[in-house]
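The structure under discussion is supplied below as structure tokens; questions concerning it will follow.
Labels for the chains are A, B, C and D, by order of writing; each one numbers its residues from 1.
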Amino acid sequence: MKSYIQEKVNAFKDQNENRARLLINCPDQPGIIAAVSEFLYEHNANIVESSQYSVDPEGGEFFIRIEFDCPELQEKSQQLEDDFQKIADTFKMDWKFMYVYNVKKMAVFVSKEPHCLLELLWEWQSGDLMADISMVISNHETSREMVESLGIPYYYIPANKDIRQQVEKKQIELLHEHDIDVIVLARYMQILTPNFVETFKDRIINIHHSFLPAFIGANPYERAYRRGVKLIGATSHYVTNDLDEGPIIEQDISRVDHRDNAEDMKKIGQSVERSVLARAVKWHLEDRIIVHGNKTIVF
Amino acid sequence: MKSYIQEKVNAFKDQNENRARLLINCPDQPGIIAAVSEFLYEHNANIVESSQYSVDPEGGEFFIRIEFDCPELQEKSQQLEDDFQKIADTFKMDWKFMYVYNVKKMAVFVSKEPHCLLELLWEWQSGDLMADISMVISNHETSREMVESLGIPYYYIPANKDIRQQVEKKQIELLHEHDIDVIVLARYMQILTPNFVETFKDRIINIHHSFLPAFIGANPYERAYRRGVKLIGATSHYVTNDLDEGPIIEQDISRVDHRDNAEDMKKIGQSVERSVLARAVKWHLEDRIIVHGNKTIVF
Amino acid sequence: MKSYIQEKVNAFKDQNENRARLLINCPDQPGIIAAVSEFLYEHNANIVESSQYSVDPEGGEFFIRIEFDCPELQEKSQQLEDDFQKIADTFKMDWKFMYVYNVKKMAVFVSKEPHCLLELLWEWQSGDLMADISMVISNHETSREMVESLGIPYYYIPANKDIRQQVEKKQIELLHEHDIDVIVLARYMQILTPNFVETFKDRIINIHHSFLPAFIGANPYERAYRRGVKLIGATSHYVTNDLDEGPIIEQDISRVDHRDNAEDMKKIGQSVERSVLARAVKWHLEDRIIVHGNKTIVF
Amino acid sequence: MKSYIQEKVNAFKDQNENRARLLINCPDQPGIIAAVSEFLYEHNANIVESSQYSVDPEGGEFFIRIEFDCPELQEKSQQLEDDFQKIADTFKMDWKFMYVYNVKKMAVFVSKEPHCLLELLWEWQSGDLMADISMVISNHETSREMVESLGIPYYYIPANKDIRQQVEKKQIELLHEHDIDVIVLARYMQILTPNFVETFKDRIINIHHSFLPAFIGANPYERAYRRGVKLIGATSHYVTNDLDEGPIIEQDISRVDHRDNAEDMKKIGQSVERSVLARAVKWHLEDRIIVHGNKTIVF
């Protein structure tokens, strides 16, 4: 990674050496917030931001994200987690502490179209996307020059459906070797096997275009054009084994009109994809997302 | 119709006694604009606004909407149309002159949910929707009081799929009797027969909710909620025999998030439906829409 | 008030007979959330929604809004407040409990232009704005018929700067007599005296148009048009003694272009004013706003 | 300029070797469109897109932008302009033919903050901003490396108000030497003299942040934060001698809320500045803007 980006990352780590986020998801019942906030108070943690949501106050599901500062956090984090286990057991919580100074390691997968990869790299260079982009994996050589010029390793791994298993084996080795936290499919046009998806559950983010109505199948932009749609959209979601059907993280649209031909619509669609994916990835990096069933809570 | 609305309509007619719109659609070739603008100039018409669009400059389709003022228009309109026939023949034009002082006669169809009807009536009362709302037809009595309090006749015609033909026969009689120009389906939950659709081709405007992805079938809001969609949309279109598949006039969306339950999403969806339908109807009333194949050109 | 609106209000009260909101504002320090949530838990209250914000974690200001359900709330509310006093003293809190079943009594002030008043009445009729609109006060007779047809008392009180004190005396008497909670200036074109403003501190909501750049003085729309602005905006704020300078609640804009003349811009501006004011009023009615210094926290 | 960008520019020139735009502005009267379209037809030009606007049909101002294809345009352009002079005289037109294959030469001025420069370079690299970025001029060295890495000359010319005339002399020499068509002030924090402005009349585009209300003077973001504004905006305009007061090309806003501190607002403001400036520059490059008095017509 280029030195001016490395500097930004280091400054961020220093600023956040005592900051963590606690994410909880459990059956709703009275007393959860009291117990958790009492716990944090006793451990000298100061709550900076907290967001809570209950599906249905009576007998529903409870979600909370608390961001807090705690002196000497790096020394105390293990103790904190051990102590928390008791509360977690009482309320049957799914929970995790995320430490902000642990900047997440990210891998980007891309095929030929570079627009989404470019957006991520731009945001990253300008310091707006705080991650360690550890590698780019592609089944094409198209983006190598651009990626390597930023000091990021580029792995060219040809792929097609006949060699899917070998390809994924290589990819998973690389990802594990570099201890990757999150994978972004920035227009990676290969289907992933259930094994791959399971290995990185709730940690693979995808982007695809979306239309009203849906134009499933070939040439969606051509068909959207012929139908005269007025909106072009994009959806970013976590990958599950149902193709394009995982929990939605973010969506957006852009207006088009009769003057836009299929080619224009594609360009506009790519622009929406870029911004939707960038937002989804940022929220993931900031631990703002809780996956619950087939939906997301984005705090 | 209430007297203060009638006053607004009359004032509008007076202001526009010499104003017309010419809409043309023909194969593209050089010289069309020259011929049409020369024609209008020779007939003392002054162009106020013109919008033009060609699908593909070479051998494609040409569309134009010209709004113009012409002294003594009401006396001269027949002559104008007769004279224009020659140009129309030369260029193989689909064309029509629309006279702004001929305020369009509108019928609104509604079932139980009144939100779209309400929006139209509110816009109409405030003078923002220039039409003669001649009648409301409904298969429920729900909205009678509100409609009649504005001096608009309300026809209650029970409907279901078994008596579709008799029902439509009655409706068509009423519509013809009052010389209706445009029909707005403001959440009218009955399917129309091909005969009805053909009788009012390109003059029936519908509204329905739209999702990314589409949730076809029952309980769309419940399923959109369970999938965690972030956008709720609506689409207004001309009715054709393909259910919900006619040329799209307007679409829009509103953002939702995890805090919105299925009921909230429905309410938000209704709000989008209201504004999308109102815009589509206004554009139709202002003769801004040309239907071409299965799409619209909205000038 | 018309009976079908009364019915909606009654249903709302029944649904919310055990629901309250607690709003707190105090110097930030560790332990606040723990203390408050412990308190609510001990009083059998279940937190439904909570939003928290701290200006600056170290030595800054702390804000929280908690919505909760508590069985037999109406019998226990006094005890709850008495018990809470101890925590409030410990943390030097500004605080209040607001009971959702106490539907707020609202007075609307209007001059000649009815668009903002109309918007409020429409939202109110459709059940989207939960208030008891107890009266409309105007220095013109323009809107009497419309207001009275909804069963709302209309007080015509002529006003100008020479008789300001007598006028406000009459108004304050009326407002006190009906125990008014919130006053909405829906384009009321009279300046209020410091005495009036002080009497209803943080309970008077105003709306005005806003431009980029500002066009202070006469004919703002004409000047905005001549400058070719591309955006027309509106700002809703609490009234203080600095004219148009109180804490901002909500703002929004609408796009315009060269085809919009000064008259069109005015109409577009009125449309933005309507929606901005309606949102601001709703947030106030839902106790979502904390005023702090010259700004608002909107939860 | 890098070879892959040069390739895109060359492809664009080839595609548009026969395409031009005619921009006209004159007193309104009947017959203008007839005369112009007849002229183009006689010269074998085929109209691809035309947009027209009249301020006021009776005795007002007339504006039109016509995009057309004409075989062998590069050979015939001089003749075309000579022949058009007669029509132009008849209708007292301000007019110009712009040839699309003449890709405009652009200079970007920047001070320390690189965000607007970066945006332009990104759009340019991806082929979305069709210009020949011939140079960057800066009173700081900050952006040299980034600019030169794209093959664009970077001129460091220190500047302050005491040496304004010498500085501008050097700048103007450079600009003339390279035959610059348009100057973009991408956060260039120096005031230009009337002489400079006059030399490049209607060809200097500026960007600045905008607020509702305006916060004129020092620390606008800090003051906007303390006032609790809900919108942060940006305005792009042609530079005239009234500082920040020239004809507005484009404006936009972004929402902020109480959680955004002054630093966040600045960042959000920069993001709006980037997109507003990019749109304004594109419209200029596509000859979509006619300046009239102190406003713009953007077709």
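Quick note on the criterion: a contact is a pair of C-beta atoms (placed from the backbone, for glycine too) under 8 Å apart; a residue touches a chain by one contact, two chains touch by 3 or more.
Chain identities (UniProt): A, B, C, D = Formyltetrahydrofolate deformylase.
Because the structure is a prediction, the values reported are computed rather than measured.
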Could you run down the chains that neighbour chain A and chain B together?
C, D
Lowest number of touching-chain links that must be crossed from chain A to chain C:
1
What is the chain whose Cα centre is as far as it gets from that of chain C?
D
Of B-D and B-C, pair with higher C-beta contact tally
B-D
Chain B and chain D: spacing of chain centres that average the CA atoms, whole Å
38
Chain-centre distance (mean CA atoms) for chain C and chain D, in whole Å, is 43
For chain D, residues contacting two or more additional chains:
49, 53
Name the shape of the chain contact graph, picking from line, ring, star, complete and other.
complete
Where on chain D does chain C make contact in their complex?
53, 55, 210-214, 225-231, 233, 235, 244, 247-248, 250-253, 257-259, 293-298
Per the touch rule above, chain A residues touching chain D in the complex are 115, 118, 122, 126, 259, 267
Hey, which residues of chain D end up touching chain B in the complex?
30-31, 33-34, 37-38, 40-41, 44-54, 57-58, 69
